[in-house]
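Each chain gets a letter, A, B, C and D, in the order it is written, and its residues are counted from 1.
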C-alpha cells in the first residue's frame, strides 16, 4: 500500500515546486525586463511578448525591515526583505531561519531560496511559500 | 396611575412632532433659499446666516414614480414623489394613503402632510416619518 | 432641428489650427461580463488598442488620465501604466459619478490646452459584475436604538421612506416632471426611447445586448419604477474605452493617413449643478445639461441642427427623452413629438444613440463617457460598419453623473 | 546646499506675468479628530476660509478640484458646492494616493494655464478617524480551499509572507536600501528626523501633536518596522486644506493689499513612476521624486540652495531622509551628514518641515498636498507666527503617494 504525499499548492504561481523549487519570471522578449505577475504588456518598452525564465536561487540582501506590527495572523517580528538574485532580478520576500534582529540581519548578506508550508486548507492541501535564508 | 405615552422620535430632524406636525427649513437670511439639511453656507448666495422657518403642510404633486423594486425592507410598490408646498418649497417624500397606481396618482393633485410610525427600536421608541396624502 | 442660443453658420474645417485638440486614436472593449479579467486588464486592452489605432505608443504620451467610479482611489492610472508602460508622465485619477470617463478626457484636453502635453491618453473602465440595480442600500445590521445621524438627523436610511433614492426612480421622477409640464409626454413616449435603442443595438457588435423588443414587450416588462420598466433601464456590466488626444500643432507633423482619421474636438465642456430651488431635494439633470450644451454649441460654432448624430446619456428611457429638450435637439417642450416623429431613430433627422445607448450597449460607469466619444469618432471616420450614419460630419457626445457633473463633447470630421 | 541639474541664477520677481499662476488665498484646518463633523464640514470650513483669505467668493471661482482618498468616488467636490455655493462650474474629483491634494492643485493650475479659468479653488480633505496603521489587510473570513487569484495567482494575502505591505515597513525598506548604499546612515540618523519634526511641531498651533521628544525616547518607542519606531511614523487623523489660485492676468486687477499677499507658483509638477527594475517588486519613491524635482527646479529657475524652507513628505522618518537626497538638498549620498549637521532644523541652512511634518503635524491623506502649499505660502507671506522662517522668499512643497505619484510645487514671495 502506498501513501499519497500531502497535496501542495504554491503560494503564488511564480513559485515552481519542482524537485529544486525556484521562481520563474515573465521576461520581455524585446527588452529583457522581468515580471512576476500576469502581464498585458512590458512596463519598460511597451511590447507584448514574453517568455518564461527561471530565476537563480542565490541572492543577496538589498534591503530589509523587521516588522513588529504585522497583519493579523502573521507571526511577528519577522524580516521583510528585498533581495537581488545572482542573475540580477529583484525579489520581495521574507528572510527566514534568521534571528529578526538588526544586529544579525546584515545588508548585503548572501541568501538562498527555500520553501516552507504556511498552512493547509480544508481539503488538506498545503500552501507553500518561499523565503530566503542565510547561506 | 398614569400611562406614559410611547416615546417617539422623528425620522429626520426637520420634521417637528408638535401638536400639528410640520417641517422646518433653514432659510438663508440673505437670499431666502431654503434647505432641510445642516448647513455650512448657502448653496445659492454663499452667505452663512440662516433662520428656522416652518413649512406649510398643504402641497401639490410635482412629480412621482411608483417604485416596484425597492430597497430591502421597504414595502413595494409605493409612490415616491416630489411635491411643492403652498409656500413654494420643494419636498421629497412618499405619497401615502393612496393606491400606487398611475391611473390614480395624478400630477398636480392636492396633498396634505401626514405622519405615521415606521417601526420601533429596542427601547420601544417609535420612529415617525412624514408623507403626503391626497386632500 | 431647433433654435439654439448660439446658432452660428457652419464653417467647414479647412485646416488644423495649432491650439486645437484632436482625437487621434480610439477604442472600446465589448461591453459585457469579464469574469476572468480584472479592471486593469480591461483598461490595458483598450488603451493598447487606442494607441495602436492612433499609430503611436505609450512612449509618445505626455499625460494620462484614468477614470473609474467603483474602484476610485485605487490608482487605476498607475496600475495601468505598470501593465503597458511606465514612462513617468503625470497621471490623473479622476471621478465624477457617471461622467467620470468624460472627465478623464477633459483632463487630458486641459493638459494639452495648457501647453504641457502634445499627446495624452484618457481611459475609462469599470467592472460592475452582477451588482444589480444602482440603488441606495439599507444597512444590513438593524440599529437597536434610533439615533439621529448625518446632515438630516436621520434615524435610519431614508430611501423608500422619504421618496426613492434608486436610480430608476430618480430618473423616473425627472421624466414625470417633464411630462407634468408638457402635454403629449407619457409612458408610451418613454417606452419608444427604449424601443429605439434596443433596435439600434442589433447593429453594434460591441453592445452588451443586441436584441430588439416590440414596444409592447417593453411596456409589459416588469416595472422597476414607473414609468421605467426593466427594458427601459441600463444594465450593469464591465467594459473600458480609451482615446488618444493630440494637439493640432503636433498633428500637423503626423503622416497623412493618420491625419485623415483624426477627429477634431470642437468643444469639450464640463459643468456642475447650478443652484436651483428644487435640486436641493432631487437631482436636477436638466439645468447643467442645458448649460453644458449652450457652451458647447457656442464654442464649437455648431447648432443642434448641424448634428449628424448624438450619443446621449440614456441611463433610463425617461432620461433620454428630457435630454432631447436639454440638448436643444427638439423644440422647447417638444420631446414627446420628437420621439413620436421618429427623428432620433437612425434613419431620422437627428439619430440619437445609434450605438444602442446605455440601455442596450451597456453602462460600465467609468467607461461610458469615453465610449460615447469613441462611437462618434468611429462614425465621423466612416468606420462604423453596419451601424454607420452615412456621411456623418459632426456629432455630439453627452454624459451626466448625478451629484452632478455633465460632460459634452462636440466632434467634427477632419477635412485634411 | 548642493548642485542641481539646472542651477540658474535667481531672478527676483519684479512683475506679474500674464501667464503665471498665483496662490491668492490659503487655509488649513487644525489636523486632529473631528468626531462631530463630516468630511464635507471640514472641506467647507477650509474652503470658506481660503476664499475669505483671498478676499473673494465662491462666485468668483471658474473651476473647483477636490481631493480625498478614502472617500474617493463620493463626489466630494459637488457635495462641497452644495454647502458653499452651487455656481455650475466644472468640478474635478481627483485621487492620487497620498499625492491627492497636490493633484487637486495641479488640476486647477491646468485649467488656469489652459485659459479656461481665471480663478479656481483646490480643496483636499480626509477623515481617517482612528483607523490605525496604513496597512494591507488580511481577509477576515478564512478561505477553506486554496485557489490561485489575481495577477500573482496567490492563494492568500501575501502581506507578511512575501515581505511586508505595511506602510511603515515599505518606507523602512526604502530607507534601509539607502543606508545600504551610503555609509553614515543608520537608525540614529532616521531617528533624528523624527526628533526634529516633533520639536518643530511645538510651534505650530495647527499640528495634530505638539510635543517634543528626546532622541532616546524616539529610539526607545515601540518598533513598528525597524528602523521606524512609533514616534517615527505619521499618525492618522482628520483635516482639510484649501487654496485659491489666480492667473497673473487677473491678479493684476486685484487691489494692492490683495496682490501683496499673493504667492507665485513658479513650478507645479506631477510625475509618476518611470520603469526601474526594482520598482516591479517594491515601490520606488526616489526616481519619480528626483524627476519631479529636476523639472520643478528647471521650470522655476530655482536651485536647491535658493530654498528658504521645504515641506516634504515625511510619512515616515526613513522617507524624509532619502528625500533630502532626492530633492537635491544635500550632496549625493549625503543625507546622513545633512541631518547630523543640523541643516534641516529650523535654524539650519535648509529648514525642512518646520510645520512638524506629517510625523507630528499629521497626515489626513487628501489634505496633505494642499496643507504643505498652505504652509509654504504662510511663511512667504511672513504670517507664520512663532514658527516663521524669517525673510523666507522661496519654498518647495513635496508630496508623494505610493502607486506612485509625486507632486512638487515651488512657491515664491511676491515683490509687487
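Note that in this section contacts are C-beta pairs under 8 Å (C-beta built on N, C-alpha and C of every residue); 3 or more make two chains touch, one makes a residue touch a chain.
These numbers come from a predicted model, not from an experiment.
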Pair with more cross-chain C-beta pairs in contact, given A-C and B-C: B-C
Length of the line joining the C-alpha centres of chain A and chain B, rounded to whole Å: 60
Rounded Å distance, chain A centre to chain C centre (Cα mean): 44
Gap in Å, rounded to a whole number, between the CA centres of chain D and chain C: 34
Rounded Å distance between chain B and chain C, as computed from the means of their C-alpha atoms: 34
Two or more partner chains touched - positions in chain B: 43-44
Contacts with two or more other chains, residues of chain C listed in rising order: 40, 81-82, 85-86, 151, 275, 280
Chain-to-chain touches, reported pairwise for every pair that qualifies: A-C, A-D, B-C, B-D, C-D
Complex contact set, residues of chain C against chain B: 133, 135-138, 143-146, 148, 151-166, 168-169, 172-174, 176-177, 179-180, 187, 222-228, 275, 277-278, 280-282
Interface residues, chain B side, partner chain C - complex: 9-14, 33-38, 43-44, 62-74, 77-78, 80-82, 88-94, 102, 107-108, 118-119, 121-123, 125, 127, 129-130
Residue ranges of chain D touching chain B (in the complex, touch as defined): 40-41, 44-45, 48, 57-59, 81-86
List of chain A residues in touch with chain C within their complex: 39-46, 48
Contacting residues of chain C [partner chain D, same complex]: 38, 40, 64, 69-70, 72-73, 75, 77-79, 81-82, 85-97, 103, 106-107, 110-111, 113-116, 150-151, 269-275, 279-280, 287-288, 291, 401, 403-405
